[in-house]
Structures are given as structure tokens and as C-alpha cells.
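Each chain carries a letter (A, B, C, D, E, F, G, H, I, J, K and L) given by its place in the written order, and its residues are counted from 1.
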Amino acid sequence: MRLLLLNGPNLNLLGQREPGLYGSTSLEEIEKDLKSFSDTEGIQLECFQTNFEGALVERIHQSIGKIEGILINAGAYTHSSIALRDALLGTGIPYVELHLSNTSSREQFRHHSYLADKAVGIVSGFGAYSYRLALEGLIFYLRQAN
Amino acid sequence: MRLLLLNGPNLNLLGQREPGLYGSTSLEEIEKDLKSFSDTEGIQLECFQTNFEGALVERIHQSIGKIEGILINAGAYTHSSIALRDALLGTGIPYVELHLSNTSSREQFRHHSYLADKAVGIVSGFGAYSYRLALEGLIFYLRQAN
Amino acid sequence: MRLLLLNGPNLNLLGQREPGLYGSTSLEEIEKDLKSFSDTEGIQLECFQTNFEGALVERIHQSIGKIEGILINAGAYTHSSIALRDALLGTGIPYVELHLSNTSSREQFRHHSYLADKAVGIVSGFGAYSYRLALEGLIFYLRQAN
Amino acid sequence: MRLLLLNGPNLNLLGQREPGLYGSTSLEEIEKDLKSFSDTEGIQLECFQTNFEGALVERIHQSIGKIEGILINAGAYTHSSIALRDALLGTGIPYVELHLSNTSSREQFRHHSYLADKAVGIVSGFGAYSYRLALEGLIFYLRQAN
Amino acid sequence: MRLLLLNGPNLNLLGQREPGLYGSTSLEEIEKDLKSFSDTEGIQLECFQTNFEGALVERIHQSIGKIEGILINAGAYTHSSIALRDALLGTGIPYVELHLSNTSSREQFRHHSYLADKAVGIVSGFGAYSYRLALEGLIFYLRQAN
Amino acid sequence: MRLLLLNGPNLNLLGQREPGLYGSTSLEEIEKDLKSFSDTEGIQLECFQTNFEGALVERIHQSIGKIEGILINAGAYTHSSIALRDALLGTGIPYVELHLSNTSSREQFRHHSYLADKAVGIVSGFGAYSYRLALEGLIFYLRQAN
Amino acid sequence: MRLLLLNGPNLNLLGQREPGLYGSTSLEEIEKDLKSFSDTEGIQLECFQTNFEGALVERIHQSIGKIEGILINAGAYTHSSIALRDALLGTGIPYVELHLSNTSSREQFRHHSYLADKAVGIVSGFGAYSYRLALEGLIFYLRQAN
Amino acid sequence: MRLLLLNGPNLNLLGQREPGLYGSTSLEEIEKDLKSFSDTEGIQLECFQTNFEGALVERIHQSIGKIEGILINAGAYTHSSIALRDALLGTGIPYVELHLSNTSSREQFRHHSYLADKAVGIVSGFGAYSYRLALEGLIFYLRQAN
Amino acid sequence: MRLLLLNGPNLNLLGQREPGLYGSTSLEEIEKDLKSFSDTEGIQLECFQTNFEGALVERIHQSIGKIEGILINAGAYTHSSIALRDALLGTGIPYVELHLSNTSSREQFRHHSYLADKAVGIVSGFGAYSYRLALEGLIFYLRQAN
Amino acid sequence: MRLLLLNGPNLNLLGQREPGLYGSTSLEEIEKDLKSFSDTEGIQLECFQTNFEGALVERIHQSIGKIEGILINAGAYTHSSIALRDALLGTGIPYVELHLSNTSSREQFRHHSYLADKAVGIVSGFGAYSYRLALEGLIFYLRQAN
Amino acid sequence: MRLLLLNGPNLNLLGQREPGLYGSTSLEEIEKDLKSFSDTEGIQLECFQTNFEGALVERIHQSIGKIEGILINAGAYTHSSIALRDALLGTGIPYVELHLSNTSSREQFRHHSYLADKAVGIVSGFGAYSYRLALEGLIFYLRQAN
Amino acid sequence: MRLLLLNGPNLNLLGQREPGLYGSTSLEEIEKDLKSFSDTEGIQLECFQTNFEGALVERIHQSIGKIEGILINAGAYTHSSIALRDALLGTGIPYVELHLSNTSSREQFRHHSYLADKAVGIVSGFGAYSYRLALEGLIFYLRQAN
């Protein structure tokens, strides 16, 4: 099984940016953690972060026929990018949406997600641990679906 | 550590009610599963289901000083009960909100939750496995907080 | 054929409460009337009234496998109870929604019903006679469906 | 007692148009049925169908002093015609609104009716049988009012 | 100078329909009154009433090159007919909108007019006398414009 | 018969301010005109203009028992002053609302009036001639009411 | 004179729950205080608290013919319960609505009350002292009405 | 192949009405043009214009079993007529919606169409040439569908 | 302790203006009553009424350093004056908002107050007695705060 | 060049009122500062502050023919006064709108300005320094326009 | 004549992505088709696809002085990109908006376009054939404009 | 002191694009001007323009620890980019928002900014001079803050 972890804009700042809100773990640490968990599950996990909407779209396109499931923390693009939604639906690859913070306790414009209604499931609010839960959920879903 | 799993209206029908939407696992099976997982973590888990809003409120009141964290699938009351919100906030016990189905892909009135903005985190869409992920998330949160 | 007539909050006051709005027939008289009509049609009609949302939900659960059709005047819960909607949909039993008064000529918040879009049909505005029309409609529907 | 049954636009297609939605009974059959029921009740029933809003308005005007009650399935004009509302209120003749389908389970723009708040009562969702229930309801109302 | 007085749906009922709301003067009396006033002003006034939206549209078309100003009480079509608006704008003939009753003190849906923003002026609330004031206003406008 | 003409903020600029929109007649000319028309009708007309909301309110209070009808062009206060509405309703004196321009063809915030629903009638869009029509309408109304 | 004090969900927690928001007086102390004030006024005061919407409804029903006025702090049900509104209107007993906190400075969903428009009067924001003011207001109202 | 071109209210004025907005070609010229294009494609094109909503509805009814595709410029009825939508859906004949002007750059109320969501396709803004493009599109669609 | 009672527009009419709505007690009587109650409590009460928004603002400014609490019935300005809100917040003097009538049972535009969310508390609906309750509430608040 | 600086309600409190929000510079200091800057630029600056909407309106009227540009901090009237807008537009004098605080980070009702869309430019958020920037901007604009 | 065909995000997937919705023709085939049609018309057509909003903006900038008309299928950016709108308006090059699917029958957020109100015309719903119709429309427009 | 001037999409067209709206000064001229002003103030100013949202985000990231204040004209991204907001807040660098045109007098969708509520201050409407005023404001703010 081959999975892809996508991180959107500003998530490269993790650990530096507003630690009170997003925690002090860096993205590198999270990715390392998830890869090691994936290894023990016999799963191959690829990781990609970008601040460009177009680059996210293209990475999703490249997953066709190669990736069986996507974990996505689209950051701010969650709330503004229809192109991202179209890319995910266009490839037909199941995905799990995740957020570090609890988006429903933040600004009104973070309460709507263009990705949520078509996601397998959603995890939010557990800080860096949201990644781990989302990964477990995605693996469970894919194993059950096969 | 002592935790409480709360289930709201109609969740006693789990396994029977609209299996295409909610899966075929019964609530008893889920509770058994979570208790056994809790045991291995050295945690005591209590379970309570009711179809009465008032009974949910009172069970939460009784948790003061006894329970350190709450897992709650409030079902339909998620979207209509301010009394539940008040009970949770009144006791000050941290809670995780969870849903079997992905509520953002269902009717518009299920997109708003009276509990979400004050929850530690939220898990939805993984069917019965949402309970397991939510429990892991709650334990992680409480261990980190201590 | 076995049918269930459900009445929600405040309908026990019928005949006493705002007779200008709801008429002077009591709920007992309506139930007696409907039972006698059912008898002549060879139908068994059960009646239940409660002021508790949870009790309505549970009575609907108990109907699984026993009741073929439900007549429901959910009173105020029509406009606020998603739990009731879930209970009705969860059992899959066809139901007819009815109201004594014409809800569309009353307060704005009575113009929306959480039950209407999934009902077989709706009858409102004919006072106590709405029950009789709703019963005829339900019987007709069930006979035709078989 | 003399009653009038009014049918609005597209109802002449009944039996042909989207039978899955509107059933396979033709308007002629419905009218025949209602007339025969009226006969047994000693009531004279006139029937009129038109696709013109203006023609509906004028038929209502002509009812002044001749017709004691109106059954109206205004079809699409239910949701768009203030002229129809004015005609009905202008004559002061009591009317019952009816629909074949359950309008609250269809498009959002069918959830509002310009006629409903001033109607004696409303019946919807029972297919061709809605006409029969509406007629019974209107007769009951008129007999009670005298 | 040649003017046209247009009356829309239900205005043929004037004097009969809800006299408490619309007064007891008939449309014939109003038209006679306005014609006699026009005569003394050396103006030719044509009058037309219809309950058909299409007929109003066509009467306006026929005015091109013949009529210099229009008085219109479009009744219910004021609030629903874009076709009427288009007909008036298409001919480019200046018009005055008038109402017997004060539409802003009635139902919410009567507060918007599809004709008002392009009218020379608007008169409402003076009962049958609104016609007279609107006619004076239109004459004043046309004399000033020439 | 004693009437009062009230003019609100900025109407002292009439003839100077945006003549393309409001015309080139000054308020003094309008007042002179209306007074002379009133004289011929045997009516006493008082005139008052102010840019202060409070002064309008107090002038209305002083009219109790002295003034039988009010003509009011409240200018911008039409759309923002509830105090003015309360003053008019508090005295119970019938009033006609008038506007020089057609407010429904201007900014959205000019489409609502706090005075309109309780006015005898409304005249707008005829420039300075709106005053004359409004006065005729008010006189007609008061004569008819007595 | 016999009065009833009703308290809704979570008010049994008073003194414990969020003291920064609701103060540190317990419900028992408030009830004792009000009863002693009532005694000196020669009034009999009954007190009832419940977390169940249905139980509030039924307690109101039982007041018919026994209670002359109701003081109600419906807590969260203020904002969600139409059943409570119907119960109060159905019995026709005058009531005063009260709140400990100033609900208009809290979450948006607490700004609307289903009870307010039909209440004699409303008191909010004075903490436990709101009960005392509300009681004085109710007594004043009832004495004046007799 | 037999097609029908429908034109709604005010389109008989084409060439005369607001040429800056709608161009200077008359409807007769457009119809002649389209018929000649259809001839070369071996297609029979019928044309019908009316200002009556009811007449449009009936012409659509008469197309059942005779017409394979409809081109419709419903003019103002695009934005107000649910009856037209019902007629088109009731017959099940595929249709293309077209507009001379770009409706999205005009008044807000022209941005919604009751026909668009069920149309094969939509063409707007090319003036008289919109008809030609719409016809090509419809033919392409029908040929592909067979 | 020195307090200030502020009354806004039209409240000078009290006793005269719509007695069915506002009661028959004059403002002078209310002020006299409150002063005598204050005297017995050893409190100095100043009273001020004006119909000018600017005068209310300035009276509030003059209270800095002199007044410890404000009772305010801002009348219509409650719903429209941000300047009043700013004046009250700018001085930092605690205030109680009060209304004679129950504003939530009146026009929609009276349901919002620019003062409420920052008030100590709110009293409405008890007629002239609202002043007394508001005064008691303010005194209680100030005594408790010291 | 002669300019006018207008300050609206509560700005006389500057330096005293909520210094955390508005800074500690008094209005006198700001005016002195701006006058001295104007002197060095060879510009005559007049200053006027009032808490009365009507007085602002009249001061603007008096500027006709005397003042070439206006700096306005209308305070709370920014968000509520259409009369002010009308006065500014009526005189045709270019104006710059300014605010001490960043109004878009405050209450929702401060996000709309009745003056902004017709202003030359807008400056907000720089505290007392906003006045200086606004003055520079106005001078630049006027010099460029000549 | 030199034209430019722009395709936005995900359109490189054409033929692969959701063929039920977008058809099975690839973008290469469409571009080849349009180029060959352009050739026969003596027109030079350039084609560009990108998933980056910024790249679309820059390609439009580069068209200044080189391209006479633009065909644009902006995909998801149609509904979210104001930058694209600004780029198109900034260059002043006429453009036609096109869509493969009928956007008005899809999700609500696809009903609004930031490009539509300034486009020459719009074509949607004809699948790959929409490109051909849009090209014909653009050529017609440009030929007519010269 | 080191500052950064950021310009978003289409601002490279300045001087060319819609000069009636944006003026005829090029971005190069503006940057040169600001740099020379900065020099005289002993400040180092860096300038960056891009049409890519992601590139703006990354330039902001690179400013951490190097730049003390940001001037940003985000152009169209002002109204659509949450990623930009997150980047600015994530770095914690104070910024001033500026616009050439007065955005509040343009399309409705330009009235909201995702950056405004967290900006130090905002300047708009002074054309190229807005940059100068914004720079002065930023310098003032930073000097005062130190």
C-alpha cells in the first residue's frame, strides 16, 4: 500500500508559527514519525509540502495509478480552493482531511471546507497527533475497502 | 484515568438502523471494543447511552470530580442541544466529539454543531472506527496535558 | 395492519389549550374516533402521547417489526427535533405528518418541519378532522404499496 | 352545496408527465372520481383546468355568489402567483390547497406557497388520492361552518 | 397628448373585493373620472384592464408611437412580472406606478416592485384618489419634458 | 384645517444641491407655492425645516392638538430614524410621506423607510411637484375622513 | 396568590458551574431567598428545577387553575424549545422571563428567545439578583392586573 | 429531425426594443436564418413566439412525440416561470437555453434561471448569433445522443 | 452614591403617547417616584430627558467623575445610535438598560440594541415599574461591586 | 487653499476615552499639530467638533464656496448617518475619511461606512497619526487635481 | 487574427477525469480540433493550459498587443479568482467564457463566476463541443466589431 | 530598520492597466520613489512583486528575522487569500495594507479583506500616493513601538 501525505501553505512554518495555536513540533518531525509508523504497518508513505495551489493540484494528478490513499492538511486552501477539490475528485483517490487546530473554534471563514463533504473522514484539533489519527483512519478504511 | 463514553439518541439502533449509512456494528460491540482497548491502556471507561437530552445532561453533571475526559457522539442532539453544550462547559471536563458518518456530506442542518468549538478535537466519517480514533485522541490529549 | 398514532408535546391539553386555535375536541375523543374508524377498516390502531422527545424516539424504536405505518402530530417537536427525524428514518416505517392548525399561517419558525420531506404525505389545518384525513391517507398509501 | 375544483399549469399532462413523480392517473379520471363522490354527498362539483394564470384568476372571479368552496391544485403557480392569491382572497371563498407530490421533498423553490397561509387546510403527497382527501376536508369544513 | 391607463389582475373586482382594503369605488367609476379630468386638460386617455400578464405586455407594445405616457396599477404583477418591466422599458414610454393601498404596510412580498426603479414617479395609499394624483403627476412630467 | 410641512436634513440646500437629481427649485419657492395653494383651499399651512433629528421630533410633539395632518419629506432620516417614526405615531396625526427623487432607483439603503408603513400615502419621484401632489392627497384624505 | 418558579437545564449546578459567569450563589439559596421574600408579601411560591424539557412542559400543565404567575429561567431551553413556549401559551398563565447573565453579550444563538415576545417582562444580567427583580416585577404586574 | 424554436415575452420587439442592448436584427430575420441553416442540415425547424406564459406551456405540451429538441429564449419568463420549467421537464424533450444579452452583466434578478440546471447547454451574450450557436449545439447534442 | 437617569426621544410624551402601549404615568411622576425611592436609599439621583442624540452623548460625557451608575431608557436611539454606545463605553460608567414595553414583542427593528451587550443588566416590559426594577438592580450591582 | 477638519461624536473625549483603543493624544493636540503642519504648507485649516449629527450637516453646508477639501472623522456617525453622506455629496467638496482605530478589527457594525464609497481616500488604524496622513493625502489630491 | 485558448486547473486531466461528467475527449484532441478549424478560417490560435493561477495571469499579460481575443475555460478558478478577472480586464482583450459541463446544475459554489459579467458571451454544457461553439462566437464577435 | 514592500497580482501592469482607475505611474517608478524616501529616512526598503499567491507566501516566510515591517498591496488576493493572512500572522511581522483605488467604491467582493483586521493600519484611494502614505504610517508605527 502506498499513501501520500500532502501539506498546504504555511505548514512548512510548523513549530515556528504561532506555537500557542499550532504546537511546537516541526513538519519534518511529523513526517518522520508518520513514515516510521507506516513502515511498521508495511506501508509506503510519501510526503509533499508546498505553498502553491497549482503544485498541490499537480502532485495529486501525479498520484493517479500510484497512490491508494491521501492524507491532506490543505491549510488555508481548505477554505478557498475549488481547484484542489476538483483535483482530488478527478483522480478518485480516497482521502482523509485533517487539521492541527480545531477549525470550528476559529474565524467564521474557517468553518467551511471545500474538501470535507467528499472526504472519507475528518480529524481536527489534536495538534500534531491529528496526523497520526488520520493516518490510522485512512489505513483502516483502505484495508476494510479491499 | 477514568473516561466516559456518551451516546445520544438513536445510537441504540446501531447495526440495525440504515446500515448503509452507519455500518453494521452494534453499540454493544463498539463499547466492548473500547473497553478492552482502555483496559490495555490502564484506563477505566464508562459507557452510557440515552435518547433523552435531560438524561445526557444529568450524566455529565454526575461526572464532576469523577471523570477526566468525555467521548461524545451526541447524534442528533449535536445540532440542536444548547443544554448539552452548557452541561459540558459547566463541568469543565475536556471532551472529544465524534460521528460515525461524515456529517458535512449530509443535510445542511447537520453541518453545525453546538459542541464543536469547545471540543478538544473532532473525528468523523470512519464509521465505528471513529470511536477508536477519538478515544486514542482523548487519551493522548489528557496524557500530554498532565 | 397495525398502525401507530403518535402525539407530541402539549397535545394532551387538546380541548383545553387555546380552543380558538386548536378546537374543543379532546385528544381522548380523537383517539376514540380514530380507533373506531380503524376497527371498521379491520385495522389495529395504537395511540401514544408524550411530552418527552426521548419518549417519542423510543416509542418509534419499539415499533420496528410491529407497526406498518405511523400517524404523527409531533407538535412543537416538528420544528426542532432532528432526533425524531432520525428515529423515523432509522426504523424505515412510512409515516404521515399532520397538524391541527395551518402551520403556514402561524409564526415563521413553524413553517419548517424536520419530518416533512421524508413523509408519505402531509395534512394540516382541518382541526381534529386532520387526524381522520391523515389516517385515510396512510391506509390508502399502505394498501396501494402492498 | 356547489364546489369548484381548479387545476393549474401542466396538470392536463397528468398520467403522461413524469409518472414516477405524479402517478399514472389522468386528470379526467380524477375529476370523474371526485364528481361521483360528490354526487353521493349531494354536492355539485365543477372542474376547470388551465395553463393560463389569467384564466385561473377569472374563473375564481366568476365563482362569486355561485361557489361555496374551492379545491385548488395550482401547480407551479402555487409558488409564483400573487395574482392567484389576490383573486382567492378577493372573492372570500374558502379554499383547500392540494398537491399530488410532497412539495417539501422537492426543489427549495417549491417550499413556499403564496396560497397556503390563507387556506382552510392543505393536503400533499398522496398522489391522486390527495384530491379525495382535500375534497373530504373541504366538505367537512363547510358543513361545520354552517 | 395621448395617455394610457393600465390595470392588472383583480382590479376588475374594484368596489367588490375587500372594500375595507381597496375602497368601494368601481374601476368603471375611476376610469370615467380620469377621462373627464383628461378631457378638461385636453388629453386623450385610453383605459385597459386585463388579468393576463401577456395581454398587458402586448397592450404596451401596441402603444409604441401612439401613447406618450402610461399610468399603471399592475396589481399583483407589480411584484412578480419581469416581462412587464421589459415591455415598459422596451417601448421607452415614460410611466407612473400607482397603488390603491399603501403596499409598504402589507405583506413583505409586496414591498418590492419590478417597475418602480424605472418609473417617473410613484403614488400609493390614497385609494381611488391615487389614480388622480398619478395622472396629474404624469401630465406635469410630460409637459415639463416637452 | 391646519397642516404642517416638515423638511428634514439637507433640504435647505434645494436648488443648490445636485440639481440633476433634485431639481433647481429652492425650498422657499416650494413652501411659497404650497402656501398659496393652501390659501385657495382655505387651509393654513405651516412650514419647518431642520437638519436635527431631535428638532423634527420636537416639532411633531408641538403639533398635538394643533395640526390635523403632516406632509413630511424626512430626507435621509427617512431611512435611519426610528425616533421620527415614534414621534409621528405617538401624536397620532395622519401624515403623507414624500420624496423629490424616486428613492427606489437610488442606493439600496434608500429603499427602506421607517415611516412608510404607517403613512396615509406616499408620493415620490416628481421633483418639486411631489410636494403639490402630496398636499392634494393629504387634503383629500382628511376631507374624506371627516 | 400562588406563584411558580421554574428553572431549566444546568441550573442545578448554580454556584458550581462557571462562577465567573453565573456567580457563586446556589439554586437552593436563591429559592430560599425568594420564598422568604414571598412570605413577607403573603405569597406562596413553589419551586421546580429539571433538566428535562418534557418535565418543564408537564409542570406548566399542572399549574392550570393553581398558579397565577410563573417566573422562568429556562436556561438553554430559552433558545431552543418551542414546546415550552406552547406550554406557557397553552395554559395562559402570565410569566416573567429571567436570566442570570446578560444573554445579549454572549454567543449569537443566545440572542433569540422563544419565550420573550409573549412574556410580561424580561430581566437579565443581575446574577442571582435577577430572580428577585423578576419576582417583584411579576407581583407588581399581577396586583395591577387584578 | 424536427426541432422547435421558442421565444418568450417581448422578443417580438427584437430590432425595435433597446437596440443598444439587443441588437437590430428582427425576430423574423433570426427565424429565417435559422430555418435556412436547418434546411441545409436536413432538419425541420418550427418557430413560435408568444407573450403568454400559458401559451408557451401549451406549445411545449403539443411537442410531445413530434419534436426532438427545443431551443428556448424564454426572455423574462426565464427568471420567473416555474410552469415553464415543469412543462419542459414534463415532456422530457432536451432543450438548449439561450439569451441575446449576457444576463450575468445585467440586474441581479436576471442571474437566476428556472430552466438552466436541466438544460443540455446554455449560450448567452452573442446577440442574434446566440441563436445560431445554440442551434448548432442542440443539433450536435442530438446527433451524438442517437 | 450619585446616579443618573437618562431618557431618550419621545419619552417626554409619556402618559400622553399611545397609553395602551406605554401606560398612563407621566415621566415627571416616574422621576419623582425614583427620586423619592433613592432618597430613602441615601442615593442622589439626577434626571435628564432629551430628544437629541447629541445632547444624550454630552450629558454622558459630563458624568465622568461625578456619576457612579446610569439608568438609561434610550427609546428609539437604543436601536440606531452607535454614538450613544460609544459615549457610554468611553466614560466607563456602568449602566442598566430599561424599556417600558417588551421590545421583543414589537417590530423586528426593535429586537436589536446597540447598548445591551455592554450593559450591567436589562429590564423590559413592566411599564413604568421597569424604572424601579432597573434602579434596584443598578444599586444592587454597585453596592456589590464596591 | 482652505481645508476643514471635522470630528464627530465622542471625539472631544480623545485622550480620556479608552486610551488603549484610541491613544492618549487629545483632540486639541491633534488640531494644533495639523494646523502647524498646514501653516508650513501655506494652507489654512479650520477645525470643528460636535456631537450633533445636525451640526455636522450644517457645518458642511457652510463650507460651500469657502472650503476646498474636508478631512472627516465622523466617529460613530460614519456607520449610521445618511444625512452626513448627503451633506457631503450635496456640497460636492472632496473629502478624506479617517479613523484612529482600525475599524475592520472591531464590531461588525463598524465595517460599513456611509461615507467611504464617495471619499477621495481612506486612512485608518494609525491612531492620532491617521490625521496627519489623511491631511497629506488630501493636500496631494487637491494639488494634483488643480 | 490571433486568438488564445486558455485552460485552467485540472483540464489537463480531460478524458481521464470523471468522464461521465466531462466526456472522454482529451485536451490535446480539443486543441488540435480548434486549431484545424481556425486554420480554415485563416486564424492563428495559441493554446495554453496551467494549474497555476499566477501562470494564467501572466499569460494574459503577455497577450497585450499580440492577441485579439481570448477563449477561456478557467475551470475551478472561474469561481474563486479575482486575480484572473483583473488580468483580463487590465489587458482589455475581449474574451468568451466556456465550460464543458452545465455549471448551473452542479454545486451552488459553481453558480457564480468572477469572469462572466465582463465576458463577450458564455457557452456551457455541450462538453468538448462547447469549445467549438465558443470559438465560433468569438470569431463572429471580433469580425462584427471590426 | 529594514522594510519590505509586497505587490500582488497584476500590479506589474501599473501604468498600463486601466489608467483611469489605477493612474499612469508604473510600479518601477513607485518603488524608486519609495526607496529614495526610505534612504533619506535611513531605512532599507526591499521590493517584491509576483502574480503567484504561493510566491507571496514564501517571500513573507523569508522575512522572518530580517524584516521589521511590511507594506502590502495584495491586489486581488486581498479579497481571496487566507494563505496570505496566515503567512503574515505566522511571521508576526507588523504590516500596513494599502490600495491604489478606493476599494469600497468598487465591486461588492472588494469590500472584504482577509488582511485588514490584523493590519496596523490601512490606506486606500490616493493612487500611487497611497504607497507613500502607507510607508510613512508604517515607519511612524515602528518608531513609536520601539
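Keep this in mind: contacts are C-beta pairs under 8 Å (C-beta built on N, C-alpha and C of every residue); 3 or more make two chains touch, one makes a residue touch a chain.
Because the structure is a prediction, the values reported are computed rather than measured.
K.L.:
Where the contacts of chain E and chain F overlap, which chains show up?
P.N.:
Shared contacts of chain E and chain F: no chain.
K.L.:
Where are there more C-beta contacts: K-L or H-K?
P.N.:
More contacting C-beta pairs are found at H-K.
K.L.:
Indicate the whole-number Å distance between the mean C-alpha point of chain A and the mean C-alpha point of chain D.
P.N.:
Here the centre of chain D sits 55 Å away from the centre of chain A.
K.L.:
Nearest whole angstrom, what separates the Cα centre of chain J from the Cα centre of chain K?
P.N.:
Averaging C-alpha atoms per chain gives centres 47 Å apart.
K.L.:
Specify, in ascending order, the residues of chain D that touch 2 or more different other chains.
P.N.:
As it turns out, chain D has residues touching two or more other chains at 52-55, 80.
K.L.:
On the basis of the stated criterion, which chains touch which? Give every pair.
P.N.:
Between chains, contact exists in these pairs: A-B, A-K, A-L, B-C, B-G, C-D, C-G, D-E, D-H, E-F, E-H, F-I, F-J, G-I, H-K, I-J, J-L, K-L.
K.L.:
Touching residues of chain K toward chain A in the complex: what are they?
P.N.:
So the residues of chain K in touch with chain A come to 8-10, 12-13, 16-18, 50-55, 75-77, 79-80, 109-110.
K.L.:
Across the complex, what residues on chain A touch chain B?
P.N.:
It is residues 102, 104-105, 113, 116-126, 129-130, 133, 136-137, 140-141 of chain A that touch chain B.
K.L.:
Could you please specify the touching residues of chain C with respect to chain B in the complex?
P.N.:
Those in contact with chain B are residues 52-55, 57-58, 61, 64, 80-83, 85-87, 89-92, 114.
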